[in-house]
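Two complexes follow with chain A in common, the first pairing it with chain B and the second with chain C.
Let's turn to the complex of A and B:
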């Protein structure tokens, strides 16, 4: 077993899944909204980037930016369609779950109808260079994946720490009731949240397309993994999501080299069940009184 | 939202004099099938400090929540600084609260309703939601530190680690950060040691209201006695007219 291969795979997977999981986590804890249309946003931004690469330019950073922007757009779309009309109605959590699931199904079918079943692939946005030292070879897409996702996450976290909108989002994550008392509007803040988390999905879509293809249903597995990682890390905790992403990325890399890639989902869910047995609130689960009441 | 903003700018041009800051007429509110506030009328003028006293569960907090649009349902008229913020509604608690808050309401809720992971400084910032108060937030924070000097050392500490008295200071400070024309303070002394509770009330009394008004809900009449302009008694969802503190004490059989 090649240790370096496992380690580099772990890091790459952890970065991509972590990005997605943090998006799920932030949406859940600030809006109380489990966004099951995340898979659609993921595929939608992949196609956005693909269209851009086909018709405008194949310049790597521009394709990446376009993917991120289409993700943000998809997030705003889902917010306007599934969050705004029902967020203050009774039984919102279940309704939101069903609404986003519906958007996911309709959205992915529309993508299938519009673009056809054939997978698309994106240009190599990070180039084709290689780094090799002391027998370890790192390809451009791996290095690029890690650097961009870490950069993007740092940027988002920094924005949430230092800006006024970020303060509003964090306030809403901690106590939605008190947030409305201090004058934070749920509807407006929800658009920021959904745009940001959509952008994270867009980034993950473009990054993952460097290894896999873009297809209408390509968002499903990443979404399931993201939701389970977010759950595993403790919904609402960014640090928890990062730790869970590393643990599950390691699990995926190890499973792939030891018993084969097709068993990944099985070992992953065994792992998640184990973690949730030991820590029912997830790795860093905070006692979320505001939502459990 | 636009209507509220237009009315707000008109209200800002009105001459500065004693005017009705809050006018409730026929206000009823509650949660689901439960009716907590019954056809209530109240007028609070600018510059006025009013105490509302009453036992637990008689609707003091619900009255404040109804004014902020946070109850399950409500009907009747609520005028804040001449602007109608009440509406008949049966769902969507909190949906319009941020607009009402922007129109000049500062609600300092019971039990503090803090953001446990934010630092004291971020907390105070979160109270400054209007563009103007956000620009002036440094000066406003200075002002609040003068009212509550103990907070000075705690500015970088997460609020979840503070003691009850410190949290209350943060919660009140947050309410004072904006440009409110009406302060609703819900049980400021609740759960605090008597001396600290008295300090908090002292700070509220020392505050220069200017043209704004303040309504304080309390269970402990003696803390407000002689220090507010009027004391109203609240009993099963109705205001029992103006009551002097001595009378209230007599009513409660504590005299």
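Let's turn to the complex of A and C:
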């Protein structure tokens, strides 16, 4: 069935983009920092996983773990380079945004320089089996993608809910000033946050590389989709990001079926603009409690 | 100490010859200490005097001419050509002039240099330099319009190249399809720009800051995907070419390049004019009233900043569309790379390196980035990395780009100055500079300062010989050092001044401190009871000396 195929495809993409969007959302709400070097982290972890698969082993979970680890490393790197030096300087939000864009430029060009423009592909992480029932065929990578991303998200959210560090991050999300008053170090917490969100990006990179390829600029589209989903859901809200991912995934599925794949981005942005015109802080963002700076 | 005792002086009592019964003829006394030394030490400035950088330097030009410069203005505006102040030099009594704002001079010099570039380039470099110059002109014009949006209207829009690219594609398409002449392309582009700008200005009224930045980033990507995939805009050839161009095909290639260079230069001048007319006049004034985070205040004073922002946005969209039309008339078409994320990043790098909110920042940033990107083309991908590193450096260390360095340096220097001043301030009865400004009676400041110096001096007089002399005879004629101490102690104000009470019941004496208020009894200072008035006097003296040394 065509519709089933599209819907399953959308669910897969929504899972991956949702993973990225939640990363963007957490970073913004806890640090007040908009990480637009996400595309670079994405490509960086893809290349990390690729190098591991080339030189060490092609065992699926190991490659996945390597991608996640290199994503976390990229996140820590961006944090040390762009967040730590200027987080207490005047005009931080704009300067942080521009600094991450600069890191994105440097990083992607370095990757291009080092690895060349030819895109790489990763081995099949989840094997090549198929699952079919009542006319729907689910390939291994789809099922694996959905399960892994949901699992990872649940893990991260569980960690944020129950651990001491998660409590610190949630306190920072609620009220950064009060958090710093009660002794939660902004710098230390920022490293946790950036490592976690970088790991989410790394996971998404490896999962997405099952469908697409790894290239220096391949992180751009996922980043823009993630940012727009986070924007639409309300920056700083995990539930909002999930809802927005589902809504935009549905929109993508319907557009592809009814008008054609070319118009997906157009309808998507019309939808986002409509949502933002009605609720300027996104689906879940409440006007007054949004983070100001 | 040994040295002091070796040169000990003696004091001869002048009253000894009259009444020799109780007085000693000679007594040891400390060496003379000049109070002038304390005075000079206090008055001396301990601030390090550096030869440069403490005052702003202005060159003084000779002669009259203030009124002459005031009379002449730029034609369509009421702006004066140069801000020049005339004054008399008080020392030489000659008339002199000061140029207060030198920026117009720098602008003229820079623009003249840019205009002379094609005439001065060596033939071997002409191709590279003039091609880069053409890019520079167009990108500088785009960045000036973008600077209006980001700096003046403070709408953080990243969809600038989307507007330019759309206008360029639409005009190139209509030129190839309907055969429009080249001079119709810029106006058509302006029309496209105002329509497109109007559509994307709609969310700008509701969204603030980052939400809008992210949205426009997405819009840029949307345009890229749309134009790359659409067949009529040449998805197969990587761009749309074949539009009408103003460059005559029968000219030599160097002549064509020079014509293109000057045309782009003229477009940049037009953009500068637009910048000046928007930023320097009513709209710019209104928006300077409503900077970020102070919009509520501006609104309360009756400034309709939203409308002004949207107006600036639309005006710059018209400008961007015009430049887009010119772009396709200049290159005879347009490539998809204008929508690419790297183009946006490079454009942002140009703005950031120069400094956001200044036209000179936009032009200089463009010059730097275009130099690295187009002139040093042999470096390959490394040149973009260099640009990224410059951008990162500027963002991390400079508050507002290269043109903000001056102000940042000044504020840093002021901070350092005030830090040093606070380390210099001394306590001890004197007021701190911060308190001194709020003192009611300025005499008080001087009295305290004098008192402090006096105490510093008197402390040097307290020596064992002096105390011994006082113990021998609390009253009567004393040596100079002791006399100075006693006079100072006697002149202190009444509150908390030590006194002696005679206890009639046990025929003893005790030290008390006066309250200073009529009707309030003195308080007892210590329990010790002295047998004679002389002992009590000496006890008071010791207490006062102790207080002096502790102060």
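Here is the rule we use: the second predicted complex is superposed on the first by the 281 of 293 C-alpha atoms of A that agree within 3 Å, B and C clash if a C-alpha of one lies under 4 Å from a C-alpha of the other, contacts with A are read in each partner's own complex, and residues count from 1 in each chain.
Throughout what follows, a contact is a pair of C-beta atoms (placed from the backbone, for glycine too) under 8 Å apart; a residue touches a chain by one contact, two chains touch by 3 or more.
What you see is a predicted model, and the numbers here were worked out from it, not measured in a lab.
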Name the contact category of A:85: first (chain B only), second (chain C only), both, or neither.
second
Is A:248 contacted by the first partner chain B, the second partner chain C, both or neither?
neither
Please indicate which partner A:275 is in contact with in the superposed arrangement: first for chain B, second for chain C, both, or neither.
neither
Considering only touches as defined above, state whether A:224 meets chain B (first), chain C (second), both or neither.
second
State whether A:64 touches chain B only (first), chain C only (second), both chains, or neither.
neither
Return the chain, chain B or chain C, that is in touch with more residues of chain A.
C
By the touch definition at the top of the document, which applies to A:103: first (chain B), second (chain C), both, or neither?
second
Examine A:95 and indicate which partner it touches, taking first as chain B and second as chain C; both and neither are also allowed.
second
Just to be sure I read the superposition right, which of the two partners does A:34 touch: chain B = first, chain C = second, or both, or neither?
second
Footprint overlap on chain A, where chain B in one structure and chain C in the other make contact:
89-90
Of chain C, residues touching chain A in the complex:
156, 202-203, 206-211, 213-215, 217-219, 221-222, 225-226, 229-230, 341-342, 345-346, 348-349, 352, 380-382, 384-385, 387-389, 391-392, 395-396, 399
What residues on chain B touch chain A, complex-wise?
68, 70, 91-95, 97-99, 101-102, 107, 109, 113-118, 122, 125-127, 129-130, 134, 174, 178
What does chain A use to touch chain B in their complex?
88-90, 164, 167-168, 170-171, 174-175, 177-187
Taking the complex as given, what residues does chain A use to touch chain C?
34, 36, 39, 81-82, 85-86, 89-91, 93-95, 97-99, 101-106, 109-110, 112-113, 217, 220-221, 224, 227-228, 230-231, 235, 262, 265-266, 269, 272-273, 276-277, 280-282
